[in-house]
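Labels for the chains are A, B, C and D, by order of writing; each one numbers its residues from 1.
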Amino acid sequence: MPVRVQREDFDVGAEIGALTRGATDVGAVASFVGLVRDTNDGSGVSEMTLEHYPGMTERALEEIVAQARGRWRVADLLVIHRYGRLLPGERIVLVVVTGAHRGEAFAACEFVMDYLKTRAPFWKKETTAAGSRWVEAREADDEAAARWDAQRPGG
Amino acid sequence: MPVRVQREDFDVGAEIGALTRGATDVGAVASFVGLVRDTNDGSGVSEMTLEHYPGMTERALEEIVAQARGRWRVADLLVIHRYGRLLPGERIVLVVVTGAHRGEAFAACEFVMDYLKTRAPFWKKETTAAGSRWVEAREADDEAAARWDAQRPGG
Amino acid sequence: MSIRILYFAGLRERLGAAGEDFALSPGLDTVGALRRRLCERGGAWEALAEGRSLRMAVNQRMADAGAALRDGDEVAFFPPVTGG
Amino acid sequence: MSIRILYFAGLRERLGAAGEDFALSPGLDTVGALRRRLCERGGAWEALAEGRSLRMAVNQRMADAGAALRDGDEVAFFPPVTGG
């Protein structure tokens, strides 16, 4: 399964190992790990809760993975995204892309993250000294995703 | 030490873990792993030997890491590159970049790989059914590195 | 003719409801029309007003205001997403 | 006035030499001049001819043909790199 939405943590090295084991035509593995930061918009964050839309989340991520496959020649893609209560320093998301060459693996990995940030139904609520608040969507994330729309497939 | 040149394998998960442990201001970890492929230019590759220029290798990699730090706001960078005899599927190189935001971590990670490919003194000799041969430098790698020269720092 | 409506995150908290079953009346045949009808409830429901930055999904796919509604559909309203 | 010269990879194999100590004669004061002098040895050394795609380093930094040579320098000649 290229997409997993789960409450549990994941093991980055083990996931990369499983994806590349026996795949001796793979020369490049690009990956991304997102972590909970202890500050956001200038406030200290003591914990975070990730809400999601079960069912749609998996569907949206699978759609993003399919789009990445349509744009770049990649061997394998993996997306793991956690939900529930998370503390600063904890892992939130893992994206791994394997392929023959690094340029396409890097591009596909960044594309999946940019699209995930604007299209996968997750919402972060963070707890600060002033109480808890829903994280606002960032314009920079919309811009990062829009970059790909401006590029031709394969670009 | 942000740069390690070694004969031994490395543990991707452990290296990422060590770089992010306690760094709760880090939200993004971009990484790349390069592996030995079992084919190259249409021939089957049964093994590979990586020669390097001891001393200059470390110096060149440190210079590349310093340039990446000058271009992007990143928290930490790590480069591990192996030398010696390697079999298909084995890990050759690891680049990990941590930072507050993903765009800069991705860019710095890809930059380090592109520069490493054209500036760090390593040479691959591969063994095929027809004997052993030195791998030819790829024009695509020169082009990938040249892209960054055309971009302004921070771009 | 009825649909299931779901609310998520800040919107769910504001409405005090995670979802509801909703009977489709004649003429109420798009997501945009449904959003206007819900907004007309007033009070907290004005969080659904047109100017508010909300995302909509029909049967677990992102949808725009013109998306058609059919019997049995699952419709969701939620704030812009912030995962990853 | 002497320098240390190193050869790597395919070039090393072709020359049958990993390196040598080399006495700098007057006027032989750049990497480019050194390269021409070595090439003049003929035979396998013509692998250093100007048209051949080679990289050069002085004291472990990439250098071009105009780079100056000084007593005690470490100079290296090698093919374009193929690591990563």
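As a working rule, a residue touches a chain if its C-beta (ideal position, glycine included) is under 8 Å from a C-beta of that chain, and two chains touch if they have at least 3 such contacts.
Quantities reported herein were computed from a predicted structural model and do not represent experimental measurements.
Chemist: Name the chain whose C-alpha centroid is most distant from the C-alpha centroid of subunit B.
Modeler: So the farthest one, by centre of C-alpha atoms, is C.
Chemist: Could you please state the distance in Å, as a whole number, between where the Cα atoms of subunit B are centred and where those of subunit C are centred?
Modeler: The answer is 48 Å.
Chemist: Please report how many Å separate the Cα centroid of subunit A from that of subunit C, as a whole number.
Modeler: 26
Chemist: Counting only Cα atoms for the centres, state how far subunit A is from subunit B in Å.
Modeler: 22
Chemist: Spell out, as numbers or ranges, the residues of subunit B touching 2 or more other chains.
Modeler: Residues 34, 113.
Chemist: For subunit C, what residues touch not just one other chain but two or more?
Modeler: As it turns out, subunit C has no residue touching two or more other chains.
Chemist: Determine which chains touch and list them pairwise.
Modeler: Result of the pairwise touch check is A-B, A-C, B-D.
Chemist: Taking the touch rule as given, give the residues of subunit C at its contact with subunit A in the complex, in rising order.
Modeler: 6, 8-10, 53, 55, 57, 60-62, 76, 78-84
Chemist: Please name which positions on subunit A make contact with subunit C in the complex.
Modeler: Touch residues, subunit A against subunit C: 34, 50-53, 55-56, 59-60, 81, 92-93, 113, 116-125, 134-138.
Chemist: For subunit B, which residues are in contact with subunit A within the complex?
Modeler: 11-14, 16-17, 20-39, 88-89, 100-103, 105-106, 109-110, 113, 140, 144
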